[in-house]
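In what comes next, chain A is part of two complexes: it sits with chain B in the first one and with chain C in the second one.
Entry: the complex of A and B
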């Protein structure tokens, strides 16, 4: 990896790549600040723009929008008490009270510095952890890969919000949707019912964009317009001085650590990290009594953790091809459009590209500081924009994006119907992330299972007995599935004892 | 009785029936079998079985919890918007992006309570127009044009 750095820098220090980093971060901050857009939709919206780009700038644009949008969510959380992204929900608790006291600039300053530190550390974690994890997985055969993908799927489902069974159901639906079309081993069509368009299966991006972006627009169209919260007075970011950090550095370090650890676990996501970090800050900070009333430690806890997740979530995505959350699943699908298949072979086959991505991610997080300072003032008035303008733009760009994927009218219809399907499932409390991740991982799960069965002549027990790594992974999978059930049972017992 | 007919139960029943139907369709289908390779429907059958089992569990859970989804506040506008989105998605490649995007944008803005005709007209022309200029002329990724003119 280190030997590839000079070539990677040459790839990165081009006008196109640098401009992409800046524009992507700017776009990410603005889209992230707009309530209702969210990181997943923001990444999906820039998809068509990547199609005219080379591999490196395309990935850098997606990463810049991802990191920028996670930070951008804090702007609306602090200024209008409405998180731009779910990851920033915990920032509202202390950010908005500070803004109401007339300290919006200071609140934004704490959020910006915490986000930058969280993001930078996560970039270092990505640089160190991803190649190690990929090297470990390099010797995996189909059976070990099957066990790994199964574990990835289980983790994602077991941490899905709401009901575990609904998460499993969504994951199974995603895996089934991915199995429609040609059989990966024999090539024979399945579930096509004579429709030739289905032979190549459902386009992953059409389903993902429909389920996330379009269904969100449908949800908003079905509700009465919300009152726009009052915009707090804001004259620009005030960066906290070094002495202001006295007694807060430990909280920052702990939040960054929580974000990174949670980010690496597939499926957990930045929102979970921000809330866990906020709760930990509230428990251990010397200023814990002031949490919820406009305490900077509350903002630091949430913002450092949610930005630290970005690099962490990219570790399993880039090293193993297992998406860390729904956003990285969209990125994974987009990367395949550019002929890049993330996973353990990528690091071996294309170290220059990987080094450029990792270095670029570091630069993106550095850019958050100056761009955040410059853009926060510009983004503030945009927060008052009517939601209809945004939502119409989302549908137009989603249509353009899906058209450019394959130029296939069928994909556009799939996107539309996926939007309706996503809307219906959301209303039933079914989480969407497991469905998307099931669709991403389903083909690998099927292929490796069937390859494994050919190798073992149909004997599934030897998956665990003859392959110790796979055996260990199966045990961890079982534990990951059992964990939420045990946790739920214990919580219920505790509740019945107290009542 | 009211619980049995609730939206959640109906949706889960639809999932269960769809999965059951798809599973049944694999029983009659004939596939070429190659040596020790499993049938092409070996894996989907497992997944469909899982979907059926899980939908029954979720249905039982929902019946016990008696959860009802939040009421849709504007059914009429939702239905119109969904139909408009599906028509727009279908029309992009048939009528061209610009021709399908202009009426869709105007309708979408109206649905989202923007009532100024001037703003609606300006947005409905300017935003799709900017997208056409950006993709066709700057990024050199041509969007579908209409059967009437090659300009848009």
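Entry: the complex of A and C
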């Protein structure tokens, strides 16, 4: 792979290719920042343009939009508490509180640097070890995925600010909402009450945006004029200085690692990575107590991990010709249209093209920093609008984004109800994040659990005994749950001894 | 308002209504892909759309309405006005299988079929690492160790599921095998590579994704690309389970005027036979299969009936 790099660079260092990278990244950031569009739709939107392009520029354009959109999702998460994509939901937890404190520029700075580092490291890993990592991905069957998703669910505990019981309840509601629609094994509709609109369940993005963004608008609208907190003051990205990273580098490294590993594994994705990384950060970071109140480490955990996933997800795609998610599936389809059969011989047969893709991916991540800063400067005046206009704009943007994806008015209804529901839950002090985590992870949890039960003929103990990787993950899950209890007990005992 | 203006108004309305048929299309035609943008169906429609627009002499745009294995789009289209401005591209599963296994508001009589566009035979295949060289090997292995072998699918009721069901029900071993559904062909292909499942069925283009060995093809004759692979009939599978094609075509809601159908049909024929679309099809592995409106209608109704046998074999009813 590395020997093909000189040829690959010749392919990359053309005006067409470089222009493609810049335009694609800019477009990706903008689309990712629009609530409701999401990475999959962003990539699909530019797909028609790739049909008339060469092989390498076509794939590079899709990659640039993909990486840009994952980063762009953090912009709206931080500034208006609306994750542009589900994978940046965890960025809201600390990004928005920071912005409310008037540190929106700093929060964006942390998110940008973490994204760039996450993306760059994953590009290097991709270049060096794609075939080896792909072999690892093959060891990950339904049972292993189930164990990993179960671990992801433990982060409900981490993000349940206030009451743990209410957090668990919200998580359960999320999992239940996700179970509406087609049964993953039989395909039969469940909980639809004969309404065909519900055959495919609730649109995840519509619920996420309703819960986060619309409920925020309702909360603001319900306050009296003198109670309203200032909107995020934002004048551009403030890059954290080197000394600001003191005590945070370990968290960054860990988050990048988590993102890379989870990205390689099939069927999990960037949202899971961001949640698990956030939970791990909250467990181990020296600043863990401040998580959820606007702590940079929280933003770093989420953003470094979800951007590291982008490179990881390309590993099985390029090395095995097997798409890891809907986005990489679109990329493989594009290769097909350009006369390349994606498959297990993809890397052997097209070493130059693949090396160009990997190297291009590295450049895209380098571009995120200047392009992100430039776009933020352009966007800053928009965010200084009066609150009334701003909130109207948020509602409009969310509505257009959600309607655009499927052209289905029912999704708007779902978004509206989710907004009201979110507003009620907020009034009762129920945290929103566990609900979203339950909804994102629920379908994979159920599918892989039931696949596992089919494979083991209903014997759940063999999940752990016959599948060592899953067994280890189960142990980690148990430790993750026990850790806060043990630490709390120890702390209390120490406290009672000293007094 | 006097009588003269009302009368002229009414007359001009009638005239313009008459002219609407004569001048179809007056506004853009919407082609609906029932799956996400970027998927196979979406790409095919986007490949077809410019040629269809050129043939019909108007604007054509593609929109996506994913969900419920394509049934959300079909359910939505079924209730729309039958004016020919909204067409869905539905596959064998969306149009003939799903309405027979799920509670959806459409059925065999909900449509005005316009034309079929593509049809690819499916194959049953196994991993090249596994010892099964033929259908007999599979039967012997299942008989020797009932309940041990697993076949995958991209979802219950999907084409991939029906292919494996046709094979194993046709060989009369399905009750001694295990079905493991995945969400989409990608994860299932990965599971076949990893050894989690032993068999999968899909079209030729998908089979080439991995190091797989075809066992039979559900076609009326052997494929040129795989002359050594027997047809399902040769492998011992009796009609109607021996032929399976992943076909798709354009549907409008029931009750479109014959003049409009004729225009859409001839535009479809022109688009499907255009050089541009043929080049696209060659690149994307699409097997073009054009049928006109009346022929497609008869074919669609026959398939609807025939597939009830498969649905019963799969235990989906």
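Keep in mind that, in the parts below, the second predicted complex is superposed on the first by the 276 of 499 C-alpha atoms of A that agree within 3 Å, B and C clash if a C-alpha of one lies under 4 Å from a C-alpha of the other, contacts with A are read in each partner's own complex, and residues count from 1 in each chain.
As a working rule, a contact is a pair of C-beta atoms (placed from the backbone, for glycine too) under 8 Å apart; a residue touches a chain by one contact, two chains touch by 3 or more.
Every value quoted in this text rests on a predicted model; they were computed, and no experiment measured them.
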Touching partner for A:386 - first (chain B), second (chain C), both, neither: first
Touched partner set for A:139, first chain B, second chain C, both or neither: second
Which superposed partner A:179 touches (first chain B, second chain C, both, neither): first
Partner chain(s) touched by A:221 [first = chain B, second = chain C, both, neither]: first
Partner chain(s) touched by A:395 [first = chain B, second = chain C, both, neither]: first
Which superposed partner A:318 touches (first chain B, second chain C, both, neither): neither
Partner chain in contact with A:48 - chain B first, chain C second, else both or neither: both
Which of chain B and chain C A:357 touches, first, second, both or neither: neither
Chain B versus chain C as contact partner of A:337, first or second or both or neither: second
Contacts on chain A seen with chain B and repeated with chain C across the two complexes: 48, 51, 185-186, 188, 407, 454, 457
Of chain A, residues touching chain B in the complex: 48-49, 51-52, 163, 165-166, 168-169, 172-173, 175-176, 179, 183, 185-186, 188, 190-191, 193, 214, 217-218, 220-225, 386-389, 391-393, 395-397, 399-400, 402-404, 407, 409, 412-413, 415-417, 419-420, 423-425, 427-429, 446, 449-450, 453-454, 457-458
Complex contacts: residues of chain B adjacent to chain A: 7-8, 11-12, 15, 19, 22, 25-26, 31-32, 34, 36-38, 40-44, 47-48, 50-51, 54-55, 57-58, 61, 67, 69-70, 72-75, 77-78, 81-82, 85-86, 88-90, 92-94, 97, 101, 104-105, 108-109, 111-114, 123, 127-128, 131, 135, 139-141, 143-144
In the complex, chain C residues that touch chain A: 36-40, 42-43, 46, 63-69, 71-72, 75-76, 101-105, 147, 150, 155-157, 178-184, 186-187, 189-191, 193-194, 196, 205, 208-211, 280, 283-285, 316
Chain A - residues contacting chain C, complex: 40-41, 43-45, 47-48, 51, 137-139, 141-142, 181-182, 184-189, 194, 196-197, 199-201, 266-267, 316, 320-324, 326, 329-330, 333, 336-339, 341-344, 405-408, 447, 451, 454-455, 457
